[in-house]
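First chain A sits with chain B, and in the next complex the same chain sits with chain C.
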Partner chain A sequence: MDGAHRPGRFATVSAWTVAIYLVLPITIILPVSMTDQRFLSLPKEALSLRHYATVLGSAEWLGSIVQSFWIALASTLLAVVAGTLCAIGCWRISRRSTDLIRGLMLLPIIIPSIVYAVGLYRYFARLGLLDSFLGVVIAHGVTGIPYVVITVATALAAFDPRLEQAARGMGASLGQTLRWVILPRIAPGIASGAIFAFIHSWDELVIVLFIASRDVFTLPRRIWDGINENLDPAMAAVAVLLVVFTVLLLLLDMALRRRRDAA
Partner chain B sequence: MSSAGHAPSLQGLSKHYGSFRAVDDVSLSVERGQFLTLLGPSGSGKTTILMCVAGFVAPTSGAILLDGRDITALPPERRDFGMVFQGYALFPHMTVAENVAFPLRVRKLPTAERDAKVRAALDLVQLERFADRRPSQLSGGQQQRVALARALVFDPALLLLDEPLSALDKKLRAELQEELRALHRRVGRTFINVTHDQEEALSMSDRVAILNHGKLVQEGAPAALYERPRTRFVADFLGKSNFLTGTVREAHPGGFAIAVGATRVVQALDPAAPRPALGTPALLSLRPEKIALLAEGEAADNVVEGRILSWAYLGAGFALSVATPDLGVLRVTLPAWGAPIAPVERLPVRLGWSAAASVPVEEDAA
Partner chain C sequence: MAMAAQRQGGWWLLILPAFLLMTAFYVTPILQVLAISFTEPQPGLQNYERLFTSESVQRVIVTTLRICTITTVLALLLGYVLSYKIALADERARRWWILAVLVPLWISVLVRAFAWVTLLRRQGLVNETLMGAGLIQEPLALVWNEFGIIVGMVHYMVPYAVLPMLASMREIDPRLLAAARGLGAPRGTVFFRVFLPLSLPGLIAAGVLVFIFSLGFYITPAILGGGKTLMVAEWIGLQILDLIRWGLGTMMATMLVVTILVTLAIFSRVVNLRRVFGSGA
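On to the complex of A and B.
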């Protein structure tokens, strides 16, 4: 941006206002998580890490973290496989009907999740999937598909179709072309989609509230219950850990993008 | 890279997109080891024909044969044709060697054999030193040569080239034209090349097929096409041409004469060629380089007087536009070295050309 026009005062002030508005609520949890009090509050006399110790020493919190992690991982796998195949299929066939299918795939982020959750609840009850690991994985996987479809479709839009023709012309079967030419080219897009699908599952609450009760107790769910039942500062500590983890994932995404753009 | 090439042929090939005829009933056969160029302006259907041969576009009707065997329904990956794409279509995530090895990897060749072939192919295009580079680290000309090596490494039955030189600058293009020609002689395979550049077509090919509006207009050896264009389009597209439109007034064993306004133009004809009927319209194509500037008193079969309207210095020669009373503006080129005049606007000149210099051509079908 060297040599570009410098933004005016109004633009600068508004940009900073928006940025602070976005970041401030997140930064407030950092001091709260280090409070020396026994309830959710700002530190009074000293900073303390004991709430972090509580979280990392509690079987319940750790159990939820582990469970959330596995659910996120499994549902990401589901979303990546289904979303990538869907995006590649639509791209290859590329008719008006495939545009419609791509639109349909975005429904989970268009429909309010509470509506989705109610629907899932009724449906899963009949299938016996309520309060099961598999049920939550399916629900999170399916609602994670749009993120993968969007990122992979974007990567494919930048893919030179002549590369596919070149591969086929040299005798490569569809499978070989997919493995050796198309997938390596769109891998950064798939990785981005996977990261977003993972984050989606990792902090998803509404659906879990509906379809899980006792056996499946994800991290967002435990935070939610904690807020309703007692104001334990451990929740702030968990929230900080959550934010740190998510930021790391996004940084990874940025690094992958940079590497792709450099190649 | 030894065995002779194969002989592809097209029979009544057509490709329609709705009511648009991209390729309209084209029949053409290529001889073994020949370098054929499909030449035409954009939208003439030349690339569509190549894509049909490669198998990426299914023809609406007609057939594609290879050594007499119908391959129309064969998918591209089973045709065994090498292809150099416009823009080369090198795999950016692979090194040069991996790109060239791709067709061999697909064919599951043992590693040792694969490596030897890759080395030989890179050697053929003088790129051994660049094996470990990525395509993005190469110049346009080098990328083009990688594409050639990749297309030839698996001993394809046929090499298809889609505007292989269009992305290069003029000087490099001339160099690679020569290289491509030499490569063709060395590998002895059948090449089908597509271009809109008439110079490239003339300099590289054994045979040129000229296309317009999806139809094959004329085909033949480059010199034959240039010297004996059949239609106005061919004469105009392949090089430059003046056109003289008149009415046939005399016919005799050596040729005929037409009247263009008050000017009589004589045209020589092959004794075997049919004479045009008296009174019919005739169209002659006359190349600018076949018109000479005549000195005072010098004679020629055809002589007209005119004035220089404008001129341009082209280094090797002059391009003159000469206004004449009956023939309109004639384009004339003459070598700059030893030119009989120094061109000046409005300078009166005498132009002359032999009766054999021009060719009768047909008006294009509308």
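On to the complex of A and C.
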């Protein structure tokens, strides 16, 4: 015995139960998506991939997937540029006023999206941005900024400010300092932020429900309609594809983190 | 001096794009929501009067507060057990446990609600299994009611409860626990007299976080409630999109924001949002 305090049997069993509650319901969609039946159920006689074929052969589903992808990419770019620069500025100036600005940047996480969606519905109507690619990119980009600010601020906390001072002291301009000293050091933090901003946009539904209707019909929007109208196994197939995609992005993030920690 | 000010100016410029974007496309639309609640249909406080006179408004608020309280208590309980196990696990095991928390956190809320519908509906897997085993004769009403909402919301909130609790538990010096054991305290005493008090700040932070996140929840209650049990967010959506009652909808939205900000302000000492997300993200 090493003397360390370990959880007792009761705590261990409870923790396993909670973990199963968290993970198992999500895994259930895998067998359901491979059912040989025409309705939502477990496979009866054989595994079948026909529901995947339905989804991947449908112009509507593919159209939504492609559209969601471009929106997520564009809004991630917006969030990463604005969020990274802001985090660096706040970190370098570091006064009470910048604390306030950082607080402001966190608002989209704190204020429920329903409130923002309602406000945006009115606001975009006047600007003519309803149901437009640009409108959704702006909305997702702005609400993605907090994820970038948080991860970049975390990366900067581990960065020695004297490096920056040394660079400036030797005559580097602000742009050069950014490009050659600061950005390379915090690149993993920026990458994490980008991944989370991407997932945020890719999954976002509430705002889209209000500001988009026909021309912009993202993947979450199509899933939402599917759940409300017809629960068929094709939905499970889409859900599985979505989960696989998210897990791949998270694994990418973990790999980046490991590289950063090793460096 | 001038030089120093100029240098600072450069850094301020970096903040500018995010600040402008945020002001023009986030803060302004939100402020507009607050403004509409006082101006439509006529200027005045009549929308807020409804808080005291309208039974349907009061019913929505009571339902929301009830569901959020139950959700918070359950999420804290389940999250605490999980964090306790993770905090005391060794390095390798800890990584897997954390993955079990983070993966659900990042999986689409729609996918999770869909999975619960698949499991809980009348012809769902839970009912079929129970009937197949002969345990029940009639399918149980597990979804499209308050029960379904709570199951789905707790599932969503447990990871958010774990992150702040885990952060605070990992700051507890394990030698304190070993010392208490070494001095002869039974396991239960070590937990209740040493571990629990030290983990209290994290517990409170998690409670605040889960509660304010639950208040404005839209998708999970909308799908698992089946339109019968209305929570505030879905009710606001209904007022705006279906009934075109902007005044009433924005009044409730304002109340929602005010409640959340006031709660955060009260607990701002114990809840450090940046740390909460920094640790998990």
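Throughout what follows, the second predicted complex is superposed on the first by the 256 of 263 C-alpha atoms of A that agree within 3 Å, B and C clash if a C-alpha of one lies under 4 Å from a C-alpha of the other, contacts with A are read in each partner's own complex, and residues count from 1 in each chain.
Here, a residue touches a chain if its C-beta (ideal position, glycine included) is under 8 Å from a C-beta of that chain, and two chains touch if they have at least 3 such contacts.
The model shown is predicted, which means the values in this text are computed figures rather than measured ones.
Asker: Quick check on the superposition: with chain A as the shared anchor, is it clash or fit for chain B versus chain C?
Answerer: With chain A as the common anchor, chain B and chain C both fit in the superposed model.
Asker: Examine A:181 and indicate which partner it touches, taking first as chain B and second as chain C; both and neither are also allowed.
Answerer: In the superposed model, A:181 contacts chain B only, not chain C.
Asker: Applying the touch criterion given at the start, work out whether A:172 contacts chain B, chain C, both or neither, answering first, second, both or neither.
Answerer: It touches chain B, and chain C stays clear.
Asker: Going by the contact rule set out at the top, does A:111 touch chain B (first), chain C (second), both, or neither?
Answerer: Second partner only.
Asker: Quick check for you: in the superposed arrangement, does A:21 touch first (chain B), second (chain C), both or neither?
Answerer: After superposing on A, A:21 lies in contact with chain C but is clear of chain B.
Asker: Which partner chains sit in contact with A:59 here, chain B, chain C, both or neither? Use first/second/both/neither.
Answerer: A:59 contacts neither chain B nor chain C.
Asker: How many degrees, to the nearest 10, separate the directions from chain A's C-alpha centre towards those of chain B and chain C?
Answerer: Result: 90 degrees at the vertex chain A.
Asker: I'd like to know which partner A:163 touches here: chain B for first, chain C for second, both or neither.
Answerer: Once the two structures are laid over each other on A, A:163 reaches chain B alone.
Asker: By residue count, is chain A touched more by chain B or by chain C?
Answerer: C
Asker: Examine A:46 and indicate which partner it touches, taking first as chain B and second as chain C; both and neither are also allowed.
Answerer: Neither: A:46 stays clear of chain B and chain C.
Asker: With both complexes placed on chain A, how many Å separate the closest C-alpha atoms of chain B and chain C?
Answerer: Checking C-alpha atoms only, chain B sits 6 Å from chain C at its nearest point.
Asker: Residues on chain A in contact with chain B in one complex and with chain C in the other?
Answerer: In the superposed arrangement, which is not itself an observed complex, chain A uses residues 168 for both chain B and chain C.
Asker: Contact residues on chain B for chain A in the complex?
Answerer: Within the complex, chain B touches chain A at residues 54-56, 75-83, 85-87, 89, 91-93, 102-103, 105-107, 134, 136, 150-151, 154.
Asker: Given the complex with chain A, which residues does chain C contribute to the contact?
Answerer: 7-8, 10-15, 17-19, 21-22, 25-33, 36, 78-79, 81-82, 84-86, 88, 97, 100-104, 106-119, 121, 123, 125, 155, 158-159, 174, 177-178, 180-182, 187, 190, 212, 215-219, 223, 233, 236-237, 240-241, 246, 249-250, 253, 256-257, 260-261, 264, 273-274, 277-278, 281
Asker: Could you pull out which chain A residues touch chain B in their complex?
Answerer: It comes out as residues 160, 162-163, 165-173, 176, 180-181, 184-185, 263.
Asker: In their shared complex, at which residues does chain A touch chain C?
Answerer: 3-8, 11-12, 14-15, 18-19, 21-23, 25-26, 28-29, 32, 40-42, 78, 81-83, 85-86, 88-90, 92-93, 98, 101-102, 104-116, 118-123, 138-139, 141-143, 145, 147, 149-151, 153-154, 168, 174, 192, 196, 199, 202-203, 205-206, 209-210, 220, 223-224, 227-228, 231, 235-236, 239, 242-243, 246-247, 249-250
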